[in-house]
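The same subunit A turns up in both complexes below, where it pairs with subunit B and then with subunit C.
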Partner chain A sequence: MNSPEILLIDDEPIVGQRLRTGLEKMGCKVEVAQDPKDALAKIRGKRFDVVITDIMMPEINGIQVLETVKEANPDTQVIIITGFATSELAREAMEKGAYDMIAKPFKPADLRGMVAKAANEMGFTDIKE
Partner chain B sequence: MTPDTIAAQGKNDIAADEKDLLERPVFSFRFQIILGFFTFFILSVVVTVGAMITINQIEKKITTVQTWEQFLFNIEQARRWEKNFFLYGTNLEDALSSTTEAQAILAENLKKFEGSSIPAAKENIKKHLDLYHGKLLQLNQLVKESPDHSIPRADLIENDLRRYGASIVGDAADLTAREHDLLFRWLQLVQRVPAYFLVFLFFLMIYMTRFLSRRFMKPLKYLVNETRRIARGDFTPVQPLRKFRDEFTTVEVAINRMLRELESRQNSLIESHKLRAVGILTAGVAHELNNPINNIMLTAHSMLDEYDDLTKDEQIDMITDIIGETDRSRGIVHNLLDFTRENKATYDAIDLGSLVEETTKLAKNQARVRGIPIKLDVQPGLPPVLGDRQKLKQVFLNLIMNALDAVGQNGLIQVRVRYHKLNYLSVQIEDNGAGIAPDVLPHIFDPFFTTKPVGKGTGLGLSVSRGIINKHRGRIEADSKPGAYTIFNVILPYYPGSANE
Partner chain C sequence: MSTVAILSKYVNESRKIAEKTAFKLGYPLVTMTDLVKAAAKEGNVTESELSGALTDITLYHQLFRKRKMKLVSLLELALCGFMMEKSIVFCGYVGYPIFQEISHVLQVLVLGPPEDAGGRAGGKGSGKDLLSDDKILKWFKKIYQADMEDPNLYDLSINMWHMDESEAADIIINTLKQPRFKPMTYSKKVMKDLQLAFHIKTKLIEKMPDVAVKSHDGTVYVYSKAFKRGQKKAAGTKQSIMWMDGVDYVEILKDQKSFDAV
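On to the complex of A and B.
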């Protein structure tokens, strides 16, 4: 049985801590990054199935992460977490190939559902919310 | 002075100033001009009356001189008849009548001469005249007694007559000459005094003109300078220039009233400008606030989902997280509210570094949305400044927001707080944006000046900021190189009580 590889990027440490357990219970392999620079290095070094990234981070923002992911591996799905969604930002993200967006504050179950859907579409059929 | 006393003083200043101005003794320009003209008038009256008296005196003197001349004429006539008598034996009667005439003139005018003529040997003249007359009578008697014209001791009488006659003529001529002289001097005086008076009047008028115009020009110049000061945004009341009240006091009182009006308008401008900034801030704050709320939500859900699987330590960790994140939310809201809250102007000792840091935090949310870093560099150990927290925050926020508007991609904003020259601290806000053109730079602090499109900027931000900084006895300077950088430098005096140790 294959497990989807997931990278979770948010400069808020609590986000990674709380989401990791739930995602692992679903059967995913989860890596967490707080520093977007580390995250970019990880993306370049390894293939992830799903990347979940916050959009507003110091120095490197979510759009740049999205671009790097699509550059490294166009098949990887990217879910954007946003603190303050503007339509402009949403359009830019979708145009650049983001899978979906979720606005803070969100329930962990909502994000898990989004991840499960993406994983299912990628062929990880045994992943259930 | 403590901050409290300064604030309290501010309130009383205005009323006290007006009272102070209006309670001064009145010494108006109207009165000063009237006083000047009155002085002229009194001087003219003195000179005119003096001239009239002198002319009257001269008139009397002329009469005196004429009388003396008449007297002299009679005496000389008498002496001529007397000579004729001794030569030809004729005219003795004529000599007698001329002498009598002279005696009459003297007798009639002696009293008058006392008042008008110069003090001299008038008694002597009278005595010699009487003796002369006596000798003539004696001669006449002798002539009548001796029909053959042989007069005994005629040469003795002749000698006496000659002696007395010469003395009278000499004295009278001398007196007449002196009277003449005096008359001439008086006439000269009467001629000269108006000329002197004119010269004096001329200089007096020059002096009065200079004096009055200086009295006018000085307060005018002062007021012109004061209006310049006011135009720079310093709304401290105009101080009176003089100890007394004049027409300019009315102007000063009016200006001070206008200042109060201006100040209250400025305050409402500051307030409305602040509200606008709050609107912009809200977007950033909403984003900032979503982070801790999200953290709380995620943590609470995790606890709900996995409650039974969690160890006690994990539960405590999560609850601590929730408390911590709630605290964080409160901090964010507090920071915004602190800025929004309407408060009366209070002057406190403020740590400029932490105030700028709080302000930077407020703006950072906005900056993060645009991906622009703000670097803060505070020199440690700075003394506090005396100021209004909220208003100063408003100034720094305005400058940082302007910097945010100015920079594009790869923008960088640097905020530095440090010592300036003696007794001053400076807050520098530098951006690497488009810069300000040299021809625009001098106008950026003018009210309603804006380079932003219609509807985006009110053109009041920098003007209001300068007003606030001026009130803090500081100044705000701008330096820019188009295409390279713009630096706004806010220079504030630090609290005098905490002089540099």
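On to the complex of A and C.
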């Protein structure tokens, strides 16, 4: 089975812990980064199929992550997760190439659904929510 | 479920643009009349009473105001229903607070030549579809405390002086192609939350005209000054809405600051 490579970026460890297992059960290969600087290094060094990023993080925010991802690999789909969702942020994220956005708190199944949809559109047809 | 919302005091001109846009996009056109029909069915009120709420611009009598706010709320709930169901082109003058909240709504203001502002649209058979011209601006100001012709409220302003309705429709359709107007999980959820909030508001507004409701994933936050006057009102309100479809938890808030912070 062809597995999508996922990078999950959130400075709160609990978020990565909560989401990682579910995504792996779906058949995704998941890397988790708590430090956005490390995440940017990973993005520049490796091609991910889907990047899931928080917005409010120390020093580097999710929009900067989105811009870096799109610069490094325009085909990578970026999903924004944020506790500070607004209409303006949603529009900015979409304009900069985000695939989707969801407000925290959310149900893990909602995020899995978004990842499955993105993965399916990229040709990973075995991935089911 | 994309939404194009066309607002204007120029009833006939904006209607023509909306029709052309809807036709070119293949979306249904939703008018004020459609909202009245849907709201009448949903709220068990007469169409003439709903139309009255959209045409009467006097809000001075408190008792009448309560009823009117309920009717407007019903119309907004009906609009949410249309927006949830499918992609639409809306043409009218209600729904401004909804459009501001939902990122994928393309909000369009249609302007006409200044010298035509005094009565042209109202004179050409627009009367059936509720208010026309400057009365719309007054109605909008009374209900929403905002200037309907403030371009800052919109994504796109179209001046009919410079183009016909087909060109205007093309501009709207091209603007709609921008990624920011693409519906996403977040904006669809905001829409669902707003629909629930409006549903609850319509139930409470006649008893508490200042009631404000927010909803997030089934948790409902309700604020009214009336809650400060005693526990009974708060408990009764909680009881009346906690069994409604889609409601998991109700939080009664007694001060505006706490509500705004939600």
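Quick note on the criterion: the second predicted complex is superposed on the first by the 129 of 129 C-alpha atoms of A that agree within 3 Å, B and C clash if a C-alpha of one lies under 4 Å from a C-alpha of the other, contacts with A are read in each partner's own complex, and residues count from 1 in each chain.
As a convention for this text, contacts are C-beta pairs under 8 Å (C-beta built on N, C-alpha and C of every residue); 3 or more make two chains touch, one makes a residue touch a chain.
Keep in mind it's a predicted model, so treat the numbers as computed, not measured.
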item	value
Contacts of A:D35 with subunit B and subunit C, given as first, second, both or neither	neither
First (subunit B), second (subunit C), both or neither touched by A:E5	neither
Touching partner for A:D100 - first (subunit B), second (subunit C), both, neither	second
Which of subunit B and subunit C A:R91 touches, first, second, both or neither	second
Residues of subunit A contacting subunit B in one complex and subunit C in the other	103, 105-106
Subunit B to subunit A touching residues, read off their complex	283, 286-288, 290-291, 293-299, 301-302, 305-306, 321, 325, 368-369, 371, 373
Subunit A - residues contacting subunit C, complex	85, 87-88, 90-92, 94-95, 97-98, 100-103, 105-106, 110, 114
Residues on subunit A engaged by subunit B in the complex (per definition of touch)	12, 14-15, 18-19, 21-22, 56, 58-59, 61, 83-84, 103-109
Interface residues, subunit C side, partner subunit A - complex	100-104, 178-180, 182, 184-187, 189-190, 217
